[in-house]
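Read from first to last, the chains carry the letters A, B, C and D; within each, the first residue is number 1.
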Amino acid sequence: MLKVGIIGAGRIGRVHGESISKYVKEAEIKAIADPFLNEEQKKWAKEKGIPCAYTDYKKILEDPEIDAVLICSSTDTHSKISIEAIQAHKHVFCEKPIDHDVSRIKEVIEELKKNPSVKYQVGFNRRYDHNFKAVRQAVVDGKVGEPHILKITSRDPEPPSIDYVKVSGGMFLDMTIHDFDMVRYLMDSEVVEVYAAGNVLVDKAIGEAGDIDTAIITLKLENGAMAVIDNSRKSAYGYDQRAEVFGSKGQVTIANDSNSSAVVSTENGVTAEKPMFFFLERYMQAYAEEITEFIDAIVNDKNTPVNADDGLKPVLIGLAAQKSLKENRPVKISEIKF
Amino acid sequence: MLKVGIIGAGRIGRVHGESISKYVKEAEIKAIADPFLNEEQKKWAKEKGIPCAYTDYKKILEDPEIDAVLICSSTDTHSKISIEAIQAHKHVFCEKPIDHDVSRIKEVIEELKKNPSVKYQVGFNRRYDHNFKAVRQAVVDGKVGEPHILKITSRDPEPPSIDYVKVSGGMFLDMTIHDFDMVRYLMDSEVVEVYAAGNVLVDKAIGEAGDIDTAIITLKLENGAMAVIDNSRKSAYGYDQRAEVFGSKGQVTIANDSNSSAVVSTENGVTAEKPMFFFLERYMQAYAEEITEFIDAIVNDKNTPVNADDGLKPVLIGLAAQKSLKENRPVKISEIKF
Amino acid sequence: MLKVGIIGAGRIGRVHGESISKYVKEAEIKAIADPFLNEEQKKWAKEKGIPCAYTDYKKILEDPEIDAVLICSSTDTHSKISIEAIQAHKHVFCEKPIDHDVSRIKEVIEELKKNPSVKYQVGFNRRYDHNFKAVRQAVVDGKVGEPHILKITSRDPEPPSIDYVKVSGGMFLDMTIHDFDMVRYLMDSEVVEVYAAGNVLVDKAIGEAGDIDTAIITLKLENGAMAVIDNSRKSAYGYDQRAEVFGSKGQVTIANDSNSSAVVSTENGVTAEKPMFFFLERYMQAYAEEITEFIDAIVNDKNTPVNADDGLKPVLIGLAAQKSLKENRPVKISEIKF
Amino acid sequence: MLKVGIIGAGRIGRVHGESISKYVKEAEIKAIADPFLNEEQKKWAKEKGIPCAYTDYKKILEDPEIDAVLICSSTDTHSKISIEAIQAHKHVFCEKPIDHDVSRIKEVIEELKKNPSVKYQVGFNRRYDHNFKAVRQAVVDGKVGEPHILKITSRDPEPPSIDYVKVSGGMFLDMTIHDFDMVRYLMDSEVVEVYAAGNVLVDKAIGEAGDIDTAIITLKLENGAMAVIDNSRKSAYGYDQRAEVFGSKGQVTIANDSNSSAVVSTENGVTAEKPMFFFLERYMQAYAEEITEFIDAIVNDKNTPVNADDGLKPVLIGLAAQKSLKENRPVKISEIKF
């Protein structure tokens, strides 16, 4: 039985904890750590039968019984704890992004090279979503022929707080980074150039905090295909997560998930349910699957499906997008120093 | 150039007139007749370039230049004018139903036997609707295998006036008759038995007029398959016209048509347009096609696609349904005397 | 912590076991019993941490630590074990149907009257399905006004084995019974009369075993509304589970669930996924919810949401449908002796 | 009765001719002219009752009885004939684009200033499509709030011949020009900057002819909103014409039209019909409406709904897109000399 420690007892840390206790036979959670550990979190740990609850994550790294850690702490600590955990020979599941600074990600990758037995996975959960998987499968199966155009719509139901916006690294590294990962995952080709158009249309305060809230990003891929992402921080009808791949033989599209297929027809129209509200509703099953695959990679000594390099590439694209927006010109990924 | 007379200048008569002038190259309208011919109708005839407008339809039957007549007068005159027109050697397009009294329909059929060169077509327009045609085509092409179950939903947006209800012949002969025709058309098999459950749920006044407004009718077919029709005189969201054929290899379904595919997503839901309001909107193209095929049958000496026997059968089914409702038991079509 | 015993370690017994271990905090499984307990079942019990695995279910009933039992054994044992469990003061979750013989169900109800503290729930899982719940909610919320017509389509992807057909009690009691329950659940009104049309269109062997495989059943309800169910034992495209309620203000419909929303457009058409294959896929979440509600009813001393009377009524409707089919006439529920 | 001359008896000229004869009461076609007038075209003119058929369009311009001309000749003659027709005091309906050279369009506009009584309309037919109209209406009605993002997908089923590609003015001026018009129509705001990414993915011969066949074009609008268009010259599943407007209060989307709503479910999936094949099928009704509105503008002395300026703007955007593609940078519309 694999023993797991969760670093960061916030929402996403507990989501992963629930997944392990419900779905993962081969693992159990031994400890949870959070510098601001509160009563609710302690109670949750107790209910889940987690023996140890710390404020200092180092106790997890020092515990020789613990095989793997989930890094669910604030973004600015991801790379630091990653390096420490690798050095402590713990397998690591790290929430995205590894860091906003590519040199720090580079250090993580260097550390992994020194510790080749350590498994490292980045939390790009959308790769496990039933819909996105179906798009990729259709592409892999050749159902659309050679891919020509990928379209991703990705819109949040509510912008984050302005305090969060300030430390988020900007919309491209915080939100679009998932879409950049999807471009690579769905098209199986690397991005070579990015052009980002963006604006502040949702909330002026976001602009005052130095960020944008609405964007259209065009990406040129190594294989000649193109991708386009459109983002908004606020979609009135809920979390909008769609994709289309168009190719020489046709197209595959996915729609949003909703809580039921009920459609009510009245004199006012024919009304279906809104999409599920946000990522926790839409991707709950995907979160469970990514953790299951992480544990499986450890137990059966497989490569992790989303490795440190997969964690690095979307950050590079994000930085190129930032530069593109600032300079209003297409920017090559190779312009971003690494 | 075929010359046509229209008997009955009401709504449906003018719909057919428009169709001929727009779409049918080989025919022109020479005359229109209506006992209550009003100024609006006269003006319409003038605009369409129709030379003659009468109050007495016999002038049309007596005109040796006129080759064909469209009988669009009130239902109780259909069989009488049909017989007179056949005797006058005019080809006849007769609105449904030919008569509520099968013995009268029998007389029309007898008259047709005496005048084998006369073409006779009944106005079951749904056979020309793009959706219903697609269902039949899928069945004919074997896409659903052997048909097992046909489901028809047929609901009007508004009940007719109580005055009309009283002379309509009852819902089964007035409204469901189209659905009975669709059962025969889509399944290519004759109905042998009917069970009708009905109630007055929309408007008590309809019940007081001796009719029902809501029904579920089960039909057993010669080929062993079954069909079910559900009717309502009032659908809040508009004209609901759907069908499904389920068979050994699968199913074909059709949805309603609406004015556009626009879908508006807001915090209140994901809302599409209602179905088109009523038969004139939904079946306008079908009306044009049925008249085109009628003229084509004359010009090219083909069988009419919906003949007098196709006019008779749904009336027999309707009478069996009435008997079933009254006696609350399944009724064989063979019980209806003919 | 509530202690539960599972009687019957077949597929559905283990589905409920999984649900309890994953989702139900307040309960744990102490024992499982099956007369034909095999190695796979024993292994499963061990993995789930179930301490006891018996061949004799009476050991469960005799265990004073066990608070509740799930009766997942073969249908012919449901009522007998129900009575014994009630007498042993165990709360009972019983798979449907309680019995094919209403007098036996009556005995269960009598036994419950003698033991008013015992909770009894029948396994009509569809009441917990997200789609069917949404239909009921729309009806309860008045979104469709007064309900007039309910349509249920319920088709299995594959017929059961002929051996099973012989002991199933017939399609109406084995398969349609769920739909009869849905009529009561969705319309909140009792069925007063049934007319069943049925045939053998899927497999002659089913007919030779004395059953039918295709049916259309019309039901008249106490509130004046009508319902119609269509069934097939074999749907080529998978498990077809849809419903529509039409009323004075509109309609609510539900569609099938599928594994993803992926739609592939090629020169051959625009193709979506088939519905989920069968009940285990489609209703997995519903199974979890019904067990959760059963445990909740015990822990918080609530009425069970589907009680013994709810178990009886669909059997009465099923028996009336059998009689209707045999005698080819509408049959009142009151004709079924109870 | 307005008298109309059609210059150019190709496909689109005859489409407009059919529309006038079927739908436009106030106009009749007096003459048709085509330098390569063939027997089929002469026969068509005869059937439509068109008295005159010329090889020289100047005979139309010289006919004092003719009030209006439809310029449906090859693109390189549009501006020249426009100017001559305006000088001859004929009202002009001109197929798009007026010219590939903005200085020539400028001359047309100058000529119109000199002849203020002449009505001039450009053939942007999509403005009359039921779906695109519904999108605009939703935007105008405020259903989506302030528009933030417009997405247009516009893909042809088949690329044109290489001979045509060579004289087409390039994909942006030949095909995307409709989409540029839709951006202005749907968003009611002018384009200020364009960034075009393009490639040759469909057919190398198109690249050898100096054009592209696949593109993603991002547009910044005066009101701060953004638009993105994706184009392909070859969509395996047919003509793909969709749009979405996303705004502060929600989103409006439109789907493709198909010949019927039939959906066939089999063991292979749930398959709907492909979109209608190409523009003649999809936009037939729109063609009729644009001509009807042109005639109406003349008869009732209204402004034409798509004037010469509306003909100019998309050409400017197209030229900016060409420059953007060539220089791989965003290009302001103001950079295009006019």
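Side notes on the structure shown:
Assume contacts are C-beta pairs under 8 Å (C-beta built on N, C-alpha and C of every residue); 3 or more make two chains touch, one makes a residue touch a chain.
The chain list, named the UniProt way, goes like this: A, B, C, D = Inositol 2-dehydrogenase.
As the structure is a prediction and not an experimental result, all values here were calculated from the model.
Two chain pairs, A-D and C-D, are weighed by contacting C-beta pairs, with A-D ahead.
Chain centres were defined as the mean of their Cα atoms; on that basis the chain farthest from chain B (Inositol 2-dehydrogenase) turns out to be A.
Centroid to centroid, with C-alpha atoms defining each point, chain C (Inositol 2-dehydrogenase) and chain D (Inositol 2-dehydrogenase) lie 58 Å apart. Centre-to-centre separation of chain A (Inositol 2-dehydrogenase) and chain C (Inositol 2-dehydrogenase), using mean CA positions: 40 Å.
Centroids built from CA atoms put chain D (Inositol 2-dehydrogenase) at 42 Å from chain A (Inositol 2-dehydrogenase).
Contact of a single residue of chain B (Inositol 2-dehydrogenase) with at least two other chains is seen at positions 236-237, 249-251, 265-267, 273. Across the interface of their complex, chain B (Inositol 2-dehydrogenase) is touched by residues 236-237, 258, 265-275 of chain A (Inositol 2-dehydrogenase). Put simply, chain C (Inositol 2-dehydrogenase) touches chain A (Inositol 2-dehydrogenase) in their complex at residues 22-23, 25, 47, 130-131, 133-135, 138, 143-144, 249-257, 259-267, 273. Of all residues in chain B (Inositol 2-dehydrogenase), only 145-146, 148-149, 151, 153, 155, 195, 197, 199, 201-202, 214-216, 218, 220, 224-226, 228, 230, 232, 234-237, 240, 246, 248-251, 328-330 touch chain C (Inositol 2-dehydrogenase) in the complex they form.
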